[in-house]
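Listed after this line are the structures, all set down as structure tokens.
Common to both upcoming complexes is chain A, partnered first by chain B, then by chain C.
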Partner chain A sequence: MGKRKNVIAYLFVSPWIIGFILFTGGPILAVILLSFCKWDLIAPPRWVGLENYIKMFRSESEFWMVLKFTLFYTLLSVIVSVGWALFTALLLNQKVKGVRVFSFFYFVPAVVPMIALTFAFQLIFNKELGVVNYLLTLIRIRNTPNWLMDPNYVTWLVAVLNIYTFYTGQMMLIFDSALKEVPKELYEAAEIDGAGPLTRFFRITLPTISPILLFNLVTATINSLSASFTLIYPLTGGGPGKVTQAISLDIYYNAFKTFRLGYASAEAVILFCISAVVSLLMFILSKKWVYYEV
Partner chain B sequence: MKRLIVLLGLLVGLVLMGLADETIVIRYAHWNALPPDPYNYVKAFEEKYPNIKVEFIQIPEAEYSQKLRTMALAGNAPDVLCLWEADLADFARAGWIIPLDEYVKQSKELSLDDFIPAVKKLMELQGHLYGLPWCFATEIMYYNKDLFDKAGVPYPNENWTWKDFEEAAKKLIVIKDGKVVQYGCDALSFQGLWYSLIGTFGDKIVDEQGRFAIGEGARKFLNWWYDLTNKYKVVASPQISTSGVVSADLFMAGKAAMAFNGSWMTSVYKDITDFSWDVAPIPKGVRQYSTLHTGFFAINAKSKVKDAAWKFIEFCMSEEGQKLINTAYSNPSARLSILKKGYYKVEGPKGPRNWSAIEKTAEFAEWGYTLLPPGLTFDLVKDFNAAILGQISVDDVIKRAIEKAKDILGEDRVVVQ
Partner chain C sequence: MKRRMIGFQYALMIIVAIIMFFPILWIISSSFKPLIEFSSYPPRLFAKTFTLKNYQEVLTNSKLPIYLRNTLILMLGNTVGTLLSSSLVAYPLARMDFRGKKLIFALILATMMVPSYVTIVPQYILFRYLGWLDSFLPIIVPAFFAYPYNVFLFRQFYRTIPRELDEAAKIDGCNEWQIFWKIIVPISKPIFITIGVLSSIYWWNEFFVPMVFINSEELKPLSVGIYSFSRTTFIVRWDLIMAMATIMIIPPMILFLLAREYITAGIKTTGLK
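Up next, the complex of A and B:
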């Protein structure tokens, strides 16, 4: 009877397991194997050992530039997007009139297709016809910047524009529901003890929502590392030069524009390792600041 | 016994009837959706050949190349493929497509002499004729006639040199409060233009052996274009473009008197109503040069219906098919006899009028950079832009371009000019 029950249970979970093997586990294994091969999608893959990795880590390789930008972008975009999501969620928890209208406006950019959004940004930040530079000329600034083509601005800009991505909106909703779960009596008690808004935020709000903060930090990091493609590709295409070329973009170019599937797979393996190490570090460090209610 | 013979006879009859009625199905892939009636060339073909049915497969442009490659690898590529220039060579090398030389020789409809010169050149490079261009586009110059009139500058013509261009551009800028409000020329937006303009400075781009060939021409062009942009400020600063599309087109906004772009932009600019405009060939440098763009009809080597596939290609390349394709997509025919008939000309109220610019360009234009992987050529453009913005030196850009080309194509497929 027990065995039969087990079989039934396995049958129920089997669609997920089969799906995982076919669509996730299998491809991951294939990518690892391909990273040791040379393959142009025409001739059969040829085993080249560590050649792709050696090429990637040569001192003159462009990969270093790509890696540097990816890490800078990830760090900044995680701070910006998580900070923005928490800030808007806090605003939504204020007792003000029309909070639902605010909630709608905060979330709208998250559901606008990224292509449309990036085209709008290209227009807004255009050197000649953009509204930002027009406003700057009103305050008598003549040498207006070429925002998306100047390395000094564009790297910061792409990271800041993360506040308009879907996952920032999603994080805001998660923070919003977490904030609603913070026991009211804690705030009342703190208020009686004379705690101000900042003290209440750092001593009550943050520790209470810390598990959710950790969750959002981890997902934002993984998103920034791997899903940066959806924002950067239509916005800057990785340029000017290579200054905004994130690893995800480089993988796409190498795999599907130059058909160097082996090299692109090696980059994907490195990206996978970076994501795993960063996430692991976050979990280890979280033991010091995440508060789990027992 | 008699009954058995009658029964067998009936069966054979039925099988023969079935065979007579059999409809051949060919699969055909393209990145564009089929045009609506009355320009649907697939429908027109099916009406003409009722025993052949075309199963159309549309593959989005962004994944066209890799999808066709994976289909070919899996052995289920369509019978008729419309292949991009860079893919044609790879597919031919892999033996995935068949030469069409014999089909063309036997065709009453087509003759190799009737094609634009670049088709024959490609055939010489590849050893066989592996594909026929479904139509073509090229890169040309656009100019705002009203701004030229206002500045009293004569219009560009087919004899223009880069010196004429520079002089005109300097007269066409307008500066207000120390800020340029009208440029002589817009920045290069479509990636291919960099190679067309470098080509006029002498580099072969792709030589007779199919090798990537840049160097001195690129150096001279980039230095000159840098000066035009930064020293004389007659050319607008580079701006971001996504797959060759810019969000803010200074030419269309009437803020740049000239612009370089693909001939396909005639179908966009035809809606301009604010000013008169026209087209001209790209000015001459040490030689005339421009890039051609197309897709090549090719036949899958594993197709079981090759003759029917050829019939479809022959129809598409016939005057009947070309008329439909040229009109639907506003692109000219690569067949000289049909090109002259001008089915592709879709004029707007303010331009263009000088269609001969496209036809003249077709006489000297080459496939050039389109024969190379787009990942290499488009990636180099990011560095070209960075050089114009003063972020990397021109010499470093050329050095990096050659190194990158060697890395991607292999040492033997790169020549330093």
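Up next, the complex of A and C:
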């Protein structure tokens, strides 16, 4: 009887198991093997041992730049998107009329295709004709920046534009429901004691929602690692030069433009290791937010 | 004092709303500008000479209708596939005890964290071997094998359904399949709608996966089509791009308005217990 039940359960789960073997688990093993090979899809793959990795980590290798930008972008976009999500969620928790209308405007960029938004950004941040630089000249700023072409600005810009992504909207909603669960009595007590809004935020709000903050920080890291292509590729194409070449773009170029599949696989392995470390962190920290109960 | 505080709050909320909505507004309003106005300075939000020509042009004289059709196919295929498979897979994870359940659930959560760039090269090779490149198959077929994120959402919902229902059905002689199909599925309508909507919006917007697997113009979805259109014209046709972009952003916005409660509820539960 017990055995029969196991069989039935596995029949239900079987689509996922097949999918896992074909599209996730199998490919992860394959990408590790491929990272030790040289392959251009025409000649048969050739085992080259650690060559791809050695090439990647040579001191003059471009990969250092790619890795540096990816980590910079991830770190900055996590700070920006989590901070922005918390800020907007706090605004939506104010006792003012029309919160529902505001929440529509705050969340709607999250459901709009990023590719469409990147076209708007190209116009808005244009050096000569863009509205951002026009506004800057109105407040008498000369030498307005060439946002998308200047290596100094563009790396910051792409990270800041993360406030328009689906993931930031998602975090805003999660923060929003966490904020609604902070006990009202705490605020009332603090107000009687004469605590100002800032004190209340740092002494009551932040400690109460800290598990959710932690959760959002880790998911934001995974999200910016796995969504960077959709924002950066159409916006800058990795340029100017290669200053915004995140690892996702580099994998794409190497695998599907120059057909260096082994090298691209080695990069994918590095990306896998980075996200595995983040996930592990998530797993360890998860005990704080009771997320994995089976 | 109190009044000034509220005034300040409103001002802040309005500024944030403008920042968030501005790019969308810019796309929509620009779609009514003739090309020449894109190079006028200072930049204007609204067109000096309002025109509908851009829409006429992209609807009759570009590949937009084909891109739209392709997007719809990808969106529907993925949504149907994921609803069928994920609802099924989540059932025993939420409501049955079996060996290896913990391991399977842990693996499902773990694969949620793997960026698609990690597995894209082997997947490409697999689909090349199968002869599926440059078709919808590499993009739709995986949906029929349950996406972890959606399995997770279904499981969270199923867990809230009282177990007594299953017990009663079992006494009446129902097997697991009948319990799933006749009891669980009918009362899980909200989660089917939530995932249906989320998946539709996701695949309407998706850029990376079709970018890798599709080359022919005739098979490109809107996201990739609009991108390649912006790259192939001699001068950048901002007028036409903005009309296409507007056509692309309106449906997810409408869908969001219609299914707002479902979307927000679905997202909120993912982050919490």
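The working rule: the second predicted complex is superposed on the first by the 268 of 294 C-alpha atoms of A that agree within 3 Å, B and C clash if a C-alpha of one lies under 4 Å from a C-alpha of the other, contacts with A are read in each partner's own complex, and residues count from 1 in each chain.
Here is the rule we go by: a contact is a pair of C-beta atoms (placed from the backbone, for glycine too) under 8 Å apart; a residue touches a chain by one contact, two chains touch by 3 or more.
This one's a predicted model, so the numbers in the text were calculated from it and none came from an experiment.
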item	value
Chain C versus chain B on the shared chain A, clash or fit after superposition	clash
Touching partner for A:241 - first (chain B), second (chain C), both, neither	first
Which superposed partner A:142 touches (first chain B, second chain C, both, neither)	first
Partner chain(s) touched by A:12 [first = chain B, second = chain C, both, neither]	second
Winner by number of chain A residues touched, once chain B and chain C are compared	C
Partner chain(s) touched by A:88 [first = chain B, second = chain C, both, neither]	second
Touched partner set for A:277, first chain B, second chain C, both or neither	neither
Touched partner set for A:259, first chain B, second chain C, both or neither	first
First, second, both or neither for A:54, with chain B first and chain C second	neither
Partner chain in contact with A:130 - chain B first, chain C second, else both or neither	both
Contacts of A:30 with chain B and chain C, given as first, second, both or neither	second
Single chain B stretch clashing with chain C - from 8-16, 26-34 or 206-214	26-34
Set intersection of chain A contacts, chain C complex versus chain B complex	41, 119, 123, 128-130, 233-234, 255-256
Of chain C, residues touching chain A in the complex	6, 9-10, 12-13, 16-17, 19-24, 26-27, 30, 38-43, 45, 85, 88-89, 91-93, 96-99, 101-102, 104-111, 113-126, 128, 142, 144-146, 148, 151, 175-177, 180, 201, 204-205, 207-208, 211-212, 222-223, 226-227, 230, 238, 241-242, 245, 248-249, 252-253, 255-257, 260, 263-264, 267-268, 270-273
Chain A - residues contacting chain C, complex	5-6, 8-10, 12-13, 15-20, 22-28, 30-31, 34, 41, 87-88, 91, 94, 96, 102, 104-109, 111-117, 119-121, 123-124, 128-131, 134, 163-164, 166, 169-171, 173-174, 176-178, 212, 215-216, 219, 222, 225-226, 229-230, 233-234, 247-248, 251-252, 255-256, 261, 264-265, 268-269, 271-272, 275-276, 278-279, 282, 289-294
Residues of chain B that touch chain A when the two form their complex	63, 65-66, 69-70, 73, 90, 93-94, 177-179, 236-242, 246-248, 250, 253, 255, 373-376, 378-379, 382-383, 385-386, 389, 391-392, 408
List of chain A residues in touch with chain B within their complex	40-43, 118-119, 122-123, 126-130, 137, 142, 146, 148-151, 233-243, 253-260
